[in-house]
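Listed after this line are the structures, all set down as structure tokens.
The two complexes that follow have chain A in common; it is paired with chain B in the first and with chain C in the second.
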Partner chain A sequence: MVTFIIRRLLLVPVLLFGVTVLIFAMLQLLSPIERSALYVKDFPKNEKAVEGIIRQYGLDRPLYEQYWRWLVGTVDTVNNVRHGGILFGDLGYSRTSSTPVADLIASRFPNTLDLTLWAIGPVIFVGIWLGVQAAVHQNGLIDQAARIFSIIGTSFPTFVFGLLFILIFYATLEWLPPGRLADEYMQVVNSDEFRRYTTLITIDALLNGRFDVFWDALKHMFLPILTLSYISWATFLRVTRSSMLETLRMEYVTTARAKGLSEHDVIYKHAQPNAMIPVVTLAGFSVVGLLGGVVITETVFNYPGIGSAAARAATQLDVVTMLGFALFNGFILIVSNLAVDILYAVVDPRVRLS
Partner chain B sequence: MAQSTPTGDNSLLQDSIPTRKIGWFERLLGPENYRILTGLLKTPASVIGFVLIGFFIIIALMAPLLAPPVTPNDPYRIPRDGFSSDPKPPGTEWKKNVMPLPFWWKTFVGTETMTHIMGTSEGQYDIFYGIIWGTRTAFKTGLVVTISTLLFGVIVGSISAYYGGIVDNIIMRIVDVLLILPGILAALILAAVLTPRIGKSLVPTMTALIAFGWMGYARIIRGDILSVKERDYVLAARVIGVKDNRILFRHIIPNAVFPTLVLASLAVGDVVLSFAALSFLGIGTEVGYADWGQVLSFARNWITSLDTYWYIVIWPGLTLVMFVMGWNLVGDALRDVLDPRMRGKT
Partner chain C sequence: MPDLLLDVKGLETQFKTPDGIVHAVNGVSFGLKEGETLGVVGESGCGKSVTMLSVLGLIPSPPGKVTAGEAKFFGQDLLKMSNDEIRHVRGAQISMVFQDPMTSLNPVLTIGRQLEEPLILHIGMTKNQARERAAELLAMVGIPNPKDRLNDYPHQYSGGMRQRVMIAMSLACSPQILIADEPTTALDVTIQAQIMDLVKRLRDELGMAIVWITHDLGVVAGIAQRVLVMYGGFIVEEATVGDLFANPSHPYTIGLLGSLPRIDGKEEGRLYSIDGHPPVLYQKPRSCPFAPRCKWAMEKCWQENPLLTPVSSEHRVACWVDTKTGRAR
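Up next is the complex of A and B:
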């Protein structure tokens, strides 16, 4: 177990290095002056200033030197301030939203976290439940229905699905609005009486005892969650079903039946826990994927998370901002993949022994 | 002991040996591939899938007849009927920049005047025209991206599996790194970086999808080559002194590539979906280019009044879903047929 974790930990710096190199390589497709957004806020006006900035931040230096400066930044000796340096959390300036990229991420990430928190349940558990039912009633009505349902689910592009939901639940029925919060509640949240304990709106609303705000926030998240759930149910269903079918054919399951256990106990106490092993990995990756921001879903529903911010930066061709998001995303993914792998080893002894 | 002629009833023995005629087609494909093909044609779902794909192939081939271009030199530009922003419902008369009457119009519609049969989108782009010519865009992007990713993946995966050791290790770590970022985000970024440099066209998005799409194939082919490498006939070839590269190209790759090939042929649906997602976000082609994602993106500004303007989502959305579903139905059946646990059953 310890050797497994150590081996897995050793991979982390390699992956981190790889991701930074990848993003740095994409930065090199920009001209030196476009890259200056990594260090300075404003676009320099005259040619002399441009040259000065390029020289000051070494934007025309050899690649290895630029890479190093990108990592640790440049210290301004006059004012003793550091400019840039991703290792210190400075991801440059977002010229399209005129804030530092790190601040933009910090303001958007709580919303994505909030969405992830409420999406985990429906995304994972309903899919698993469907898969188990499909396997237990193999080739039965439930199985066939689940199969058709999952093919439709994988064929629907997220944005078409989202637009259809908006068409039905917002434009026609006027039940569930897109966005984050209704204006009146947004004022409540931004007011002084509303204390921001966690920056997650739903949790803060509960802690402040404002159930109306909580309910409104939930109403705004309902459609994104439904969209995310439907598209991932198909995958969960397929993986759970095939894993469950395989387990149900094993001899220990027959033994359990021969002992005279009830079918309910055989399925849910003996077969299901073992069949869940591959599903755990999938669930882990899904949560990680949600945390990284769901670009399309957030954009369709105008949800102000990091996914929609990245999409907006992309349409405005603000590459420095986008790469900042990619860096943040890559970091989250590497760390949480590590957690998933370790969790997997805990769940399945075969992994840590091999 | 001398061989004795079997006595008694040996019909049981005869029955247990299958006496199946092997046709030329089966000989051509080989038993395993033939089993996959017949398995596919026996599943109703995959037959529906093939029919859907065939239907779209016909639309793509007949595009100039179904929707005659207004500007024949640039058929992928969706004709605009004026510039007003509000979408117009299906059946509105086509006044400016009129599309020539297609051959089927009189038979099916019964009038001599041209109308927007599926309505117009924001900026008076004709939805029907966008869908018909968008089919060509879909096949074009789907095929080019799939074939390029496949080729690149197979080459990299073969190199990795064949050389093994440190080369394999380095290549697989590169694959790991490229797989960290979610595909759509990575492609989005690269496409946005490339667009100002290459210009607005299909190329930036396609390049981005290729750059972040080959890793899966590389992994699969690598695994298959590693298993084929250990088979007896490869050993036999080695024993009789066949050269290394001949073993790789004549014996290993042809036997290992088939599953990858089939999976790739069905990835067209996914590629078209990713492409549409990127152009829905507004990355890639010029505004007004006939491409399903683009047509759908016109709906983004109207989400508060989609009950009135349902046609700007329903028609292009339905088309995209049908297209992808065609490939998925075949893919789903294929997954069953290719499943090793299903081998031996036909």
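Up next is the complex of A and C:
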């Protein structure tokens, strides 16, 4: 198990290198002048100054040199400060948000992480539970109902549900608001006595003992989570159901019954752990999707996560911000893949011990 | 008949399939005496597995259903038991070993965990007691370093060793009956012989009755005292092993014997081997189900299905023709 994890960990730098090369290659689609905008807050009007930036940052140098510079930046030895360098967290300056891209990610990602944290249960575990129930009651009422219900979920675009939910729960019933927090609670969170231990609002609220803030944050996430769950249940249901049906036909399930185990133990102790193996991949992709920011859902509910920021950058052709997000998503993908591989090893001894 | 451990009468099992209802078992009756080993022989698809699975209530339902019959075990009808009642028979008093040891153990649970389960469930052992007993059971079936190997997973065992584990697991609660459904078919010949020796040794030590299912009459000769020959979901011949080999009476049995390789390797001893395959019966047959493949078949065979009738005290046959003389009985 340990060697397995170490082997996977050694792969991470290689993959990261691949991602940076890929994104660097995308950068080359821009002209040196466009790229020079990466490095400055106020893009100069005068041509001389632009050329100065190009020369200063070596944007006319050979590719490998530029790549290296892009990675580590340059050190101004006089003032002893570093300019640029994605390895040091300088992802450029976001025009649309008027902050460095790294700061934008740092301020938005905790919200996305918070949403992901609370969405995993409803999206993944409820989805799996539905699939298992459908398989156990194959072709029964529960199976049919779950299938029809979830097929509706995948057949409409996300924003349809988003708008529908807003119409019902916000506009008509006035139960659940969009956004992140009510203004009064936002003030609490930004005040000095509210300590930001984790930067996740729900967790920090609990740690500060502010259950009112916690509840308000949950209320704001409820509709996005409902939307995300509903659109992903069909996939989880389908994969889990078919995997579970296949597993229930296996001979070791008959063995388990022949031993005298109860049907409950046969299903949940013998069949389900095996049926989960293909579901792990799907769950991994699902978490990656959530962490990378759910663009449409966040936008519809005006939720200030990575996704809505990316949407704004994209609609305003803010290339620097987009590339920063791409790099960040690549990073998340690699880390999540590692997590999925480890999870595979946890659920399947044949992987763990090979 | 005195002291029958298991007494099955008129068992019928059917499967609902898209092509129609498959009549897999069509009125099977047999008894199993205490401590005896009963061989059940027939080609693949003759209803051997379904018969035994039906007795234990292990037929997948849907599509399967036991539609008639009884199976008396200590005075109780297994077929009428509720799910919860029969659970306490399975693995405790009657246990089963399956054909393919590669698929009959759960790949994500340790061998130890799988061995402990019936001990905890049926005997009420604690986890620690069960673990100790599990190691003893592994030792009993000849697995070296049993204590260490409890923590292994099935894929770390060879096929022969997995079948030993299955046997250990099935004998964990000292059952009165062990049903072995082609336990050596998936193994190569030397391992096959080892497993048979193991079962014979354990039978002598523990004294359980065995139902040994196989499609190979040669295997039956080595382990059973009595044999049922099945065809098309019917028992077509029943005899002691000696009698069956000396006086095979049903054309199907003769065919099965004829297709056995002779020990001296000579071809001339082969009687004949049967062409074709066992039928999948979508209707309860009114003719003899073997008639399409039978070289003795006469007109009556196509009109009426022969019942299993005694030809001597311990020998019963379902055939219209006396194969010794070639004339109708």
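The definition used in the following text is that the second predicted complex is superposed on the first by the 336 of 354 C-alpha atoms of A that agree within 3 Å, B and C clash if a C-alpha of one lies under 4 Å from a C-alpha of the other, contacts with A are read in each partner's own complex, and residues count from 1 in each chain.
Assume a contact is a pair of C-beta atoms (placed from the backbone, for glycine too) under 8 Å apart; a residue touches a chain by one contact, two chains touch by 3 or more.
Worth saying up front: this structure is predicted, and the values here are computed from it rather than measured.
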item	value
Simultaneous placement of chain C and chain B on chain A, clash or fit	fit
Partner chain(s) touched by A:Leu29 [first = chain B, second = chain C, both, neither]	first
Dominant contact partner of chain A by residue count, chain C or chain B	B
From chain A, separation angle of chain B and chain C (C-alpha centres, steps of 10 degrees)	70
Contacts of A:Leu333 with chain B and chain C, given as first, second, both or neither	first
Which superposed partner A:Leu164 touches (first chain B, second chain C, both, neither)	first
Partner chain in contact with A:Ser155 - chain B first, chain C second, else both or neither	first
First (chain B), second (chain C), both or neither touched by A:Ser107	neither
Partner chain(s) touched by A:Leu261 [first = chain B, second = chain C, both, neither]	second
Which superposed partner A:Pro273 touches (first chain B, second chain C, both, neither)	second
First (chain B), second (chain C), both or neither touched by A:Thr96	neither
Distance in angstrom between the closest Cα atoms of chain C and chain B, superposition on A	6
Chain B and chain C footprints on chain A, overlapping residues	none
Chain C - residues contacting chain A, complex	53, 56, 58, 60, 83-84, 87-92, 95-96, 98-100, 103-110, 117-118, 121-122, 153, 155-156, 166, 169
Chain B-facing residues of chain A, complex	11, 14-15, 18-19, 21-22, 26, 29-30, 147, 151-152, 154-160, 163-164, 166-167, 170-172, 178, 246, 289, 292-293, 295-296, 299-300, 302, 307, 310-311, 313-315, 317, 319, 322-323, 325-326, 329-330, 333-334, 337
Interface residues, chain A side, partner chain C - complex	249-252, 254-263, 270, 273-274, 347-350, 353
Parts of chain B lying in touch with chain A, wherever the complex brings them together	45, 173-174, 176-178, 180-182, 184-186, 188-197, 269, 273, 276-277, 280-283, 296, 299-300, 303-308, 310, 313, 317, 320-321, 324-325, 328-329, 332, 341
